[in-house]
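I have placed the structure first, in the form of structure tokens, so that the comments after it can refer back to it.
A, B, C and D are the chain letters, set down in written order, and residue numbers restart from 1 in every chain.
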Amino acid sequence: MFKKILIANRGEIAVRVIRACHEMGIAVVAVYSDVDRAALHVRKADEAYPIGAPAASESYLNIQKILDVAERSGADAIHPGYGFLSENAKFARACANAGVKFIGPTAAAMDAMGSKTRARQAMERAGVPSVPGTSRGLESYEQAEQVAARIGYPVMLKAAAGGGGKGMRLVHAPAELKSALEGARSEAERSFGDGEVYVEKAILNPRHIEMQVLADEHGNTVYLGERECSLQRRHQKVVEEAPSPIVDPEMRRQMGEVAVRVAQAAGYTNAGTVEFLVDQQKNFYFLEMNTRLQVEHPVTELVTGLDLVHLQIHIANGEPLPFTQDQVQIRGHAIECRIYAEDPDNNYFPSPGRITLLLLPSGPGIRRDSGMYEGWTVPMDYDPLLAKLIGYGTDRDQAIGRLQRALNEYFVGGIKTNISLFRRILSNPEFRAGKIDTGFLDRLLKQRDEQGDSPADPQAIEAAVIAAGMFAALGQSAAGAGERAGTDGSPPKANSVSKWKIAAHREGLH
Amino acid sequence: MFKKILIANRGEIAVRVIRACHEMGIAVVAVYSDVDRAALHVRKADEAYPIGAPAASESYLNIQKILDVAERSGADAIHPGYGFLSENAKFARACANAGVKFIGPTAAAMDAMGSKTRARQAMERAGVPSVPGTSRGLESYEQAEQVAARIGYPVMLKAAAGGGGKGMRLVHAPAELKSALEGARSEAERSFGDGEVYVEKAILNPRHIEMQVLADEHGNTVYLGERECSLQRRHQKVVEEAPSPIVDPEMRRQMGEVAVRVAQAAGYTNAGTVEFLVDQQKNFYFLEMNTRLQVEHPVTELVTGLDLVHLQIHIANGEPLPFTQDQVQIRGHAIECRIYAEDPDNNYFPSPGRITLLLLPSGPGIRRDSGMYEGWTVPMDYDPLLAKLIGYGTDRDQAIGRLQRALNEYFVGGIKTNISLFRRILSNPEFRAGKIDTGFLDRLLKQRDEQGDSPADPQAIEAAVIAAGMFAALGQSAAGAGERAGTDGSPPKANSVSKWKIAAHREGLH
Amino acid sequence: MTYEISIDGNNHRLDLTQVEGRWTCRLDGREIAMDAVLARPDVLSLRIGNKAYEVKCERVGGEMHLWVGSVRFAAEVRDPRSLRSRMRAADDHGPRKLVAPMPGKVVRVLVSQGAEVEAGAGVLVVEAMKMQNEVKSPKKGTVQKILASEGAAVNAGDVLAIVE
Amino acid sequence: MTYEISIDGNNHRLDLTQVEGRWTCRLDGREIAMDAVLARPDVLSLRIGNKAYEVKCERVGGEMHLWVGSVRFAAEVRDPRSLRSRMRAADDHGPRKLVAPMPGKVVRVLVSQGAEVEAGAGVLVVEAMKMQNEVKSPKKGTVQKILASEGAAVNAGDVLAIVE
């Protein structure tokens, strides 16, 4: 087994991988940029190396710096987490050349899946159903016109190198095609330095369902069931669950077997995810393969009872899978909420800053994977994902009930988060009925509903008024926590301070 | 379903039941003694009623006060938790008379199991194997002599009303019998106001294994698998796990079916636990039945995927069990550590006080059921159980690995806890091999090993010296947490304070 | 002492007096039996009669919100003397300040001092975590002051500009 | 500044100097490259060279212990001037104080002032959480002072008696 693993990442995923390593008795090397010295993953590591400026290109995306640390520290393997270098074939190759094991698929498998058009071609050969359209980049507007006419409108234009919705255009009618094609090409050029664009039949309000696969280096490949990922904003997943409310055992078997074929067609090893679009008739089409550990992997862990990161490490260590397909069982239901530093009062824009107070949920069926801690300052330089709250239950209703209970326990002070959004989602009748698609969240956010899940009753307002007064009266200086307010209400000093502050703000105006 | 449930308890179990109620959409009424106003269960409740002085007899054991609150609040059911009134038949009757549903077995079932001798008699009729001995109290020393001679030494004298090891005596030879009998009788008299004592064959270094049962009010009774509870100190459980390392499916089926027979013989309803002694040959003997939810119920929840408190409430609501015996499946392995406010440097005596800092473990496979929070003052009036840390894994090794990882994340400042004890237990080769019995912990504690699980290496000592200096240099006044020490090291003032304190202590001597 | 407290824009008058460690409380003139424990800074365990509430105080960039259970209220606490001026600042007449919605970097200033702007028109752009956020004018009027320059780092709540 | 630091009874000399926010550190004369962040009060993220440690400081009843990972050390920090007296107090000659091991109630005083006691002999009994705890004499000698009476509430670390 590996003696020492370098984790080329930060935030909650770095912490999650550190935990797995320590559980397996493996030492951990962390890397950090200048703004991450106080980050949780540095606190928890056995060794920690600074790798430069906050900009990812200077640090977490800098292959040379990371391989230097691997050499200096004597790490014998690297876990890339997700994002950053996790799907970078160049990095995987560089690791191989440096004699450090990359915990993930081979560079060749990444290349096969890296370009959506090349992936589509491979899948056609493997007989995997994908959305009708071109498997090659469009040579001309004329070709686009012909294909679109053939497969029928609406159609979707997509960048071959695409991701995160960049270089994508939905086209309802021939008239829109020309400008859409130009727009998609230039955006793809700008975003990925590659203007290749292809066309697909547009599936309206589809579900986004993905299948977890695991392949060892001895030719064994299994699927671990699906994840329902239809709740998205700006093409970013917000809530994921396993199993999907619409997938029955037979459909699971079919999708799973297709996913295994996809993985095998690419000579895939280690953990990977095959994404499908599912239409209203439950037809599923191959979308793409993510050649890394997914953010939402915990929901699969909870319903299968497995630890995917442990398994990734065992596989990378050359061990065969410790179980066969028929030993994999789905039990219960799990739902994940991605806690972001986002401001619900301001269109969910990022809200970095110092965490002044942190109340943490726990108890039955609650798992919390987090990269934050009270007193830490969330840097403004990276993705705003702070933590993941995952609820498990005997069935979907219990999982929802436990998550709502836990969300009410969760509180992050000093910055704004999207915690309240999940209360709205989980209490929404459509969601509770499992009626969700990729358009659900945008529709929900259009609805005017600022009061969380319960309406403001007069008693709650009364409580708010009195609490506001008590906070002012007790002040922040006051009270060894847990002491009786009655017995140590502090003089109005503390309060007046805040009053002066408000006043001062006002003064600023005149 | 019930609209409002009163929870006649405090601490982690009150919080755990509150969570279950809120997950099911049921309002919660908390009760609290004068020292518990700031307790976590009061914070989380929907209504909270003071019930008097800290002494349990004045508050949590006071049937009349609790029923008064039930009436004033309009609660339609009462959950007793464990301890306090949970196994009090008089209370169960009083609830029935007051028209409030007691969430637990009937008073009659409690009576049947309340006295160990009466329980033994019932079990004999039901053909349940119990340890050879008398099922009735000893009339005389002579009778004791005869029975002991018949079943053979060593024998155990036990108080019929016994519990917690009170009124128990181990007798190795006839010569010791007389004084032991007198001692047991007077201790039983003093502890329980009932001098009845019976004799049993002593099983040396047995395992303590218990079986969880669940019975609805329609005659359906199932078992949910066993818990291994052999790790005890002063007859108090410290670590529990499910499944037991020595129980195979066949033995589980046998114990389970006996447990179901026990429950049915007593006309038992709701959740209960049948305790067995198991000897080296894996023979198991009925010990007693606990007519309440057990402290260690979470390990069963994790390996079965069920929520026992939800099920208790559904059963009390008159619903039939939602599953049959053959649908119950054990998957994976779970281990619970009971976190006590105890001082390992002082023979594990209680250590109440103010919690000045709390670092909480989380992540994969970790469940935390807790009644404490940072800033709370642990009162000196009740049982020192603060929280339970439960680890789940695909197998026993993974569960142990995850627990050790989580124990290293867990830190409680301001008071002392037994957290370090679990590191020693989990890293002990005998424990890892599953070779445990009720004598294990006392043997372990005899061993001289103060350094936790890893030996003190020079680098750790170096780190300790430098850290001690940095803490002094930065002082406690210093540092918005997360800030660079380098950039806000405070003047030696803060430090000198602590120095003066030490000096002052010294002054006290002269 | 007496507080003017506005909850989601509605004003209330609260009198709190402490006698031998016990609080007496009058809300808009009504006497209310209550009892409170500050469990942690910004976390209050409140009993009104026998109803129990955990109230959390969210303070970000000068704003204050209260969470009563899972319901969130915008709150402002002030003493009566400053009430009038406050009311004026609040309504649509008079100057309005544009504040940074989050810590970040000012990447663009879209209008110059003295320019006329419509309500909802973008005035500056702030960037953080790879996302750009346009700060819009709350009213039609004249940009009286621009207080931040391009490239400047700002904190949540900082005043970036004032529209008169 | 300079500290005398004892870890599990072994003394070390530590010099810490701060130059422009950077710390330089000499341990028993050896220069050591280090870097530290106070993540929370009593929690230090420490780097020595590239080795990383999370060190937690446990302060209960006047005692101080440091957790380095999962290893615990008894620690004392003092300045050299008070070293001599400290050393004397530490050894077996001279008076020794008996301190309450936990907050609780003194339920029994077992010996009277002036009595002779053996090492390990019980002097008082403190009760908390339904458990009684005998406070024993650390040495053979005379009970010089009894500072707590039966029924008195005491805190962890309070001096209960002194044996000379």
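We take it that a contact is a pair of C-beta atoms (placed from the backbone, for glycine too) under 8 Å apart; a residue touches a chain by one contact, two chains touch by 3 or more.
This structure is a prediction, so every number in the text was calculated from the model and none was measured.
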Chain pair with the higher count of C-beta pairs in contact (A-C, A-D): A-C
Whole-Å separation of chain centres (CA-atom averages), chain A against chain B: 38
Chain A-chain D separation of Cα centroids, rounded to whole Å: 47
Rounded Å distance between chain A and chain C, as computed from the means of their C-alpha atoms: 32
Residues of chain B touching at least two other chains: 37-38, 44, 373-376, 408, 481-484
Per-residue multi-chain contacts in chain C, two or more chains: 35, 37, 39-40, 43, 51
Interchain pairs in contact, sorted by label: A-B, A-C, A-D, B-C, B-D
For the chain D and chain B complex, residues of the former touching the latter: 1, 3, 5, 7-8, 10, 12, 14, 16, 18, 21-23, 25, 27, 32, 34-44, 46, 48, 51, 53, 55-60, 62, 64, 66-73, 75-79, 82, 85-86, 89, 94-95, 97, 101-105, 128-131, 133, 155-156, 159, 162
Chain A residues within the chain C interface of the complex: 341, 343, 346-347, 349-353, 356-357, 359, 380-384, 407-408, 411, 413-416, 420, 423, 450-454, 456, 459-474, 476, 478-479, 481-487, 489, 492, 495, 498-499, 501-503, 505-506, 508-510
Complex contacts: residues of chain A adjacent to chain D: 30, 37-38, 42-49, 72-73, 373-376
Residue ranges of chain B in contact with chain A within the complex: 15-16, 19-20, 22-25, 37-38, 44, 298, 301, 305-307, 309-310, 329, 331-332, 354, 360, 362-370, 373-377, 392-394, 398, 401-402, 404-405, 408-409, 480-484
Residues of chain C defined as touching chain B within the complex: 35, 37, 39-40, 43, 45, 47, 50-52, 54
